[in-house]
Amino acid sequence: MANKFVPVSGREMPRFSGIKTFFRMPHVEPVSDYDVGIVGVPFDGGSSYRTGQRFGPLGVREVSSLGRVFHWGRMQSFTEKIRVADIGDIPIVPVDLAKSYQRIEDFYDKVLSGSSRRLIAVGGDHSVTLPMLRAVRKSVGKPVRVIHFDAHMDTYPAAWDCEYHHGSFLRHAVEEGLVNAAGSLQIGLRGPLAGRDDLDFIQKHGLRVAQVDDIRRGAGVSDFIKTLPDFGDDPTYITFDVDCLDPAYAPGTGTPVPGGLTTYETQQILRALRVKRLVGADVVEVLPAYDSSEITQLAAMDTLFEILGLMVGSTR
Amino acid sequence: MANKFVPVSGREMPRFSGIKTFFRMPHVEPVSDYDVGIVGVPFDGGSSYRTGQRFGPLGVREVSSLGRVFHWGRMQSFTEKIRVADIGDIPIVPVDLAKSYQRIEDFYDKVLSGSSRRLIAVGGDHSVTLPMLRAVRKSVGKPVRVIHFDAHMDTYPAAWDCEYHHGSFLRHAVEEGLVNAAGSLQIGLRGPLAGRDDLDFIQKHGLRVAQVDDIRRGAGVSDFIKTLPDFGDDPTYITFDVDCLDPAYAPGTGTPVPGGLTTYETQQILRALRVKRLVGADVVEVLPAYDSSEITQLAAMDTLFEILGLMVGSTR
Amino acid sequence: MANKFVPVSGREMPRFSGIKTFFRMPHVEPVSDYDVGIVGVPFDGGSSYRTGQRFGPLGVREVSSLGRVFHWGRMQSFTEKIRVADIGDIPIVPVDLAKSYQRIEDFYDKVLSGSSRRLIAVGGDHSVTLPMLRAVRKSVGKPVRVIHFDAHMDTYPAAWDCEYHHGSFLRHAVEEGLVNAAGSLQIGLRGPLAGRDDLDFIQKHGLRVAQVDDIRRGAGVSDFIKTLPDFGDDPTYITFDVDCLDPAYAPGTGTPVPGGLTTYETQQILRALRVKRLVGADVVEVLPAYDSSEITQLAAMDTLFEILGLMVGSTR
Amino acid sequence: MANKFVPVSGREMPRFSGIKTFFRMPHVEPVSDYDVGIVGVPFDGGSSYRTGQRFGPLGVREVSSLGRVFHWGRMQSFTEKIRVADIGDIPIVPVDLAKSYQRIEDFYDKVLSGSSRRLIAVGGDHSVTLPMLRAVRKSVGKPVRVIHFDAHMDTYPAAWDCEYHHGSFLRHAVEEGLVNAAGSLQIGLRGPLAGRDDLDFIQKHGLRVAQVDDIRRGAGVSDFIKTLPDFGDDPTYITFDVDCLDPAYAPGTGTPVPGGLTTYETQQILRALRVKRLVGADVVEVLPAYDSSEITQLAAMDTLFEILGLMVGSTR
Amino acid sequence: MANKFVPVSGREMPRFSGIKTFFRMPHVEPVSDYDVGIVGVPFDGGSSYRTGQRFGPLGVREVSSLGRVFHWGRMQSFTEKIRVADIGDIPIVPVDLAKSYQRIEDFYDKVLSGSSRRLIAVGGDHSVTLPMLRAVRKSVGKPVRVIHFDAHMDTYPAAWDCEYHHGSFLRHAVEEGLVNAAGSLQIGLRGPLAGRDDLDFIQKHGLRVAQVDDIRRGAGVSDFIKTLPDFGDDPTYITFDVDCLDPAYAPGTGTPVPGGLTTYETQQILRALRVKRLVGADVVEVLPAYDSSEITQLAAMDTLFEILGLMVGSTR
Amino acid sequence: MANKFVPVSGREMPRFSGIKTFFRMPHVEPVSDYDVGIVGVPFDGGSSYRTGQRFGPLGVREVSSLGRVFHWGRMQSFTEKIRVADIGDIPIVPVDLAKSYQRIEDFYDKVLSGSSRRLIAVGGDHSVTLPMLRAVRKSVGKPVRVIHFDAHMDTYPAAWDCEYHHGSFLRHAVEEGLVNAAGSLQIGLRGPLAGRDDLDFIQKHGLRVAQVDDIRRGAGVSDFIKTLPDFGDDPTYITFDVDCLDPAYAPGTGTPVPGGLTTYETQQILRALRVKRLVGADVVEVLPAYDSSEITQLAAMDTLFEILGLMVGSTR
């Protein structure tokens, strides 16, 4: 293992200094030699309410200065097992969703094809997950199981006569055959909804839903994690919308919903996941302009850290 | 049911656009044909510390853009059962508490008399609840049971030689015979107090108090809600001071107190209430100038949504 | 003159209360009987850097509470001469620039055709001016002279292979024959630029440019206003990008540039304009999420007030 | 001169430390031995729009940590000539304007009677100036000339059927014979106004007005200060509403108006005043909750410093 | 008991007014007659990331306006049993850590020697605890048991070739024999860590650690507090780094870590402590410039209140 | 000229995306082939009041996304003439001023020796200029003339028994023979001062001072720039403390002083400088935690741009 893939030490170069990369890891070319690439996808042209998620990658890179690599629960540094790198941002088109989708998919295709590389994206609004799933689906050859953290179902219909927006990525992903709906799991959903119809899609496709209430039954999250399915050898993808968290924990997001999860709960769930093939992941809807004291950015960074822990014990 | 009383659809007119009303519902005249009116009461002349609750109605109208109408727990849209409207703000007198009290009471009298209308007020500081209870008491003909969410008892004595301020509304309401003290319930109280005497009033009048500790005993709120009384056919009024919530969940308020409830807990309690005659309600002490990323305003809006759910299953 | 078109009085209904409309004027239907309509155009899908101008109309409506109608310099209330109304927001499509352009143009066509109505738009990013000019051009039957307040030329080339964005509206407006380039005037421009080529378009088309330096020569703005052309009977359109102001005066905007104008200077210039046919106007690039203490929103509202003063003395 | 009346040195006790007093001067009893007392008047019950000026004295005390005592223009430390002290806050009644007026007047009476002490008040909203003028009038035995810095005339009529509010102090002061209207001067006024009638009072009473335009004619403030009257031996009072400043310089205030003065301009004017009997002064309408980076508080503190410079060269 | 040691009453002097001291208690000389002194230690020269903790004492004094003295759980006002005073700030040297250490230790020595006084310090960054422990160790004559609330172990090695910084105070305290490591307890720790080595020190010295996970096992904090040791007659010191709290509860701190405690949990733990000799305490790492709506400052003030409750039932 | 030294184009990679470097220029090794290196010096251990200037380089890199390279006044892109690069941050020691000084000087020595490279530093507090001048003095072989933009003289005496802090850099630089005092110029100074003695040093050493008053005499800055000396062939260094600007233009700084310069004025002065040997420069005291909407960071970035314009026409 080349020792290039270790973070700049905070005890040598103070954490507030230097050019910011994810986890202070090296910045390398997208098509180069590493195991897991963290990539920014600064697109927010799919947002229906607050916007500015384009600054999400910047915000997460900044607080990455506080990032560390050793997981106390797993008793392991991710740097000991995998070569993690910052591969920069995908050059999206801020004024055109379709072109941005194409650029995202092309970028993913180029990085994933003929390689064992895996990618973790930092959004951007949730609309960016669709083109990434298109590429991931191609690279793994079959639909993936999705572990979807969110306050919303994201299976909503067209809005303003537009099929594609940040509330419909999962509907399209299922309809395009990118996702194994029945094998997937939604975590953190909660109302209110616009109407009863909002539930039709998940019922029709058999999506398993863990509402906040479900997670807090009995002894709470420690009970809930016992009910998590084993994803075994199935290719699995994690998409983490920070609005699964309560606005107290993630104010800096596009469509916050009261009554959400705590960072502790999402940590516990992520640590409990049994996934042998984690083929990709993303953390989306970080909106720094609405953040307060960077707490949403910190939560996103911490989630990346947990995902890296899962990456260690899995392959593509 | 006239279909006029549905919100502007976010899938046609984006949620960030348009003139803001509570829940994007129609703005109608106070004395007109509807079931439940939401009214702003932008008075903060009773505040003892931070002030600016006059902007509370504005703040809640703004975030109402994110409001939705279908309750996942109740499996029902409130718009299917009741005609809800924004009836504007009461024209209070910012520099005179007594005159404002009179205007509020007059407004309520006019709206409630000879009608089955019900009102939900958005404050304003907590002093506004007193004139509203005066009018509600008249309209229902007997003292009401109050479900009082708060960090404070609000039964405090005169301050600066003034009887009326935002910490004494309940004392006056009890002493004026507006409230059935023994049938009422205070939720979310916590210390510290100014002195032992602060407890005298609630002991004398037999007010039932659920401190935060009481709510978190055992399995927490799921145990607590089993202990809630049935309010049955008694006329009942809900007054929700957002400072019942912890400052992490409701920073934008006048007199925050650490160690408070979460929005999840207040949701659970509101959903568990058995009230057949919910004769009125208010959500007070929203102070946008101290809010962070609108989370307090969102919590207030969400509380309104839960109260609307209770309105559906009850009458005046 | 119907006395309907006067603002809600702040001495009766306090300025912090009530449902917010531009200048507290009545909210009326777009196609109805009034002289000047103020309309929100909450589109920000053309932004190249910070985004969130979709909340501009909301932000300006809010501070409109402080708006007043009597112009001390002109010794006249605009309400004495013209009927001004808030006609709501145009229902744009947040995720699609082309569709939004169509909706804006259609809306303008509908309001302007067969009528003497005039519109003042509140943006939104600067890309929205193009479809409005398309409609205005049709309604007046010839190219308009534009008075363009901005830090930028907005004649920039395509970016990311996209012709339309908030930095190219004027280039397209000139190329489409909507604007009389030689008769137009740009005010407040300043560097730095991306390159020398940025100047080609204005040189080719003979656009007159008043850089900040030009405005501050000699005795400053009082000298500069003597050099302003007389727009006489030519149909003239004012587009005011708040980034013509210095970031100290307008922090809440998409692409701020140090070394800009003060609100006093833009007031002086607006008051000095000689325009007999002011056929329309807009104030754009207000971005509340980056504003500080609402000063940008206040500056935008004040600019609307000056434009209303110009509307009084002119016709379409 | 007792050396007690010098500030805590920033080179011994760092400026960020210690218990905060105005200019780090000693905190003494109101009725004790000093020359000029700075007193907080934390009342905001007269506010018509934003409120929270009650935290003004706190905010100014905080930034007083950066205060210094030597005036480069005057080549003099105010501590060399006068004994300046922080005499605490007047215990006002937040929920009652009339009672607060009485407490303010009583406090002033007690401090001023039988003494040569002078007071500089830190507001609070502008309504507090009226009771202070009542007491000052008594102490000097005749009407005072007022130098009134403001964006507004503050001669407005009753609002909401209330005579007393923060926009009417000067009208009452003139009508009660506290102020020599014809000998007074208003600085920084600007429109818009609610209507033409707003001008009636100042015309009737012959108040001299220097609008922002008047101050910026020709070479600007350096010309303007040549036109200032000599206040000679007449008892003179300075009331400085921070909203005379532009919102860019004083965002943290109740009713900001674009197009205002700069701190440089008010410094120049204050330095140019010829006043032999400066019998009192106040700085009002500082509203920390709306301030940004404390710049309004700093401007207020700096204005206090200039007023102290004037106090040095004058007597009561 | 002299009644001098009671707070200024909020019902006489409104809480927003007056010169700010901790809990509105009297400001007295450090060497004078009182039982428990609260002292500011505004040093942040040991910070490794965000800095500005020098304003911590100011921030806590400000929100102390909301402080009250009666503990509902203990049914007791601390003012009934102990004389508590604000003794000002220690005059530290902002640019020199070693000199500041000396000044802190000297100050403590002077206050503690030949007296039964006890001190509660308000930081400042966590590096200030070391010189305070040096003095406390001397005053009690043996190593103290430390109850250490923190997200971090603070037993980290030298950084940038410097032994002393805010992450190493406990290592030095143990190595210098100031602390009884085996009798101490760390509460709230959580990962991630920089590396496995970070755990060596606590393992070697037998420090007992309660990670957040340990506190939330089973029924959560109500179970955890049953496992707390009895500190009996051993001299015990509480050091409370506000970053033990989750960033949602304490955003205003230097090195926030997601997944932390709630204020409710720390209240429960503090209330359950059995300590007969509480010889000193501190609350550190409050960083107002990063706070949001003062919630961190409020949490710190509330923690002081709980510590005062413990002081009542204990001696030095 | 290698075309490597051009910024990432905003029309290809949107300005909000990518890893942030100064002006989006390439990040290269400190000792490598370029003409002008921009280097971060994130040290704030010399601050006497607000602190956090350690985040200055980060803040300026962020807003550098809006940076452009063509100077409209000079009609030239700096990239056409000089190779500019971001060379990262100097690894300072946050807890030790002396060690940081050594690291800064060593870094500068290494970069400057045996090379024609020039450096522009981005602070950090103003104390960092001293070690940089030590190295620059060595590299040019004689004292340099300093053009010093500041609100303060920075020739202050020791504080808290410490010689070195952010208010004494110039005193030491003169006393150590690094600076040609009589050939230097201070711009933007203004009171108040701590005392008359503060003026002794500049009088003794004949430092030329342009107070704000001096700059605004007559026609203002356009007159002032005619009085600027010609620095000719003398080695000259520019140190720009952003607090020379008024707090309205630069709120995000350590010790703001009302009555300061505007960004327009500093632009005009920088453009008018005649300097043939600009041997180095710095922009210091940017404090993002106190900035509002990034306006201070933008002003700093713009100043860097003007300095780069001066670098083009000069050599070391």
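The letters A, B, C, D, E and F name the chains in turn, as written, and every chain counts its residues from 1.
Simple rule for what comes next: contacts are C-beta pairs under 8 Å (C-beta built on N, C-alpha and C of every residue); 3 or more make two chains touch, one makes a residue touch a chain.
All values derive from a computational prediction rather than experimental measurement.
Peer 1: Moving step by step between touching chains, how few steps can get you from chain C to chain E?
Peer 2: The fewest touching-chain steps linking chain C to chain E number 2.
Peer 1: Copies chain D, chain F: same or different interface, half of numbers shared as the threshold?
Peer 2: Mostly different residues form this interface, as fewer than half of the numbers used are common to both chains.
Peer 1: Please determine the option from D-F, C-F or E-F whose contacts repeat those of A-C, over half of the contact pairs being identical by residue number.
Peer 2: E-F
Peer 1: Please report how many Å separate the Cα centroid of chain D from that of chain E, as a whole number.
Peer 2: Roughly 41 Å separates the two chain centres.
Peer 1: Using CA atom averages as chain centres, what separation in Å is found between chain A and chain B?
Peer 2: Computed from C-alpha means, the inter-chain centre distance equals 37 Å.
Peer 1: Would you give the residues of chain F that are in contact with at least 2 other chains, written as numbers and ranges?
Peer 2: Touching at least two other chains: 12, 14, 16, 48, 50, 54-55, 91, 93-94, 160, 219, 246, 248, 290, 292.
Peer 1: Touching pairs of chains, all of them, please.
Peer 2: Here the touching pairs of chains are A-B, A-C, A-E, A-F, B-C, B-D, B-E, C-D, C-F, D-E, D-F, E-F.
Peer 1: Using the touch definition from the top, list the residues of chain C that touch chain F in their complex.
Peer 2: 48-50, 156-160, 190-196, 198, 211-213, 216-219, 246-248, 251-252, 255-260, 290-292
Peer 1: Which residues of chain C touch chain D in the complex?
Peer 2: Checking each residue of chain C against chain D gives 9-12, 14-16, 65-73, 75, 77, 219, 222, 246, 248-249, 262-264, 267, 292-295, 298-299, 302, 305.
Peer 1: Which residues of chain D touch chain B in the complex?
Peer 2: Listed in rising order, the residues are 44-48, 50-52, 54, 91, 93-97, 99, 127, 160-162, 164-165, 289-290.
Peer 1: Which of the residues in chain D come into contact with chain E in the complex?
Peer 2: 12-14, 16-21, 27, 40, 42, 54-55, 57-58, 61-62, 86, 88-94
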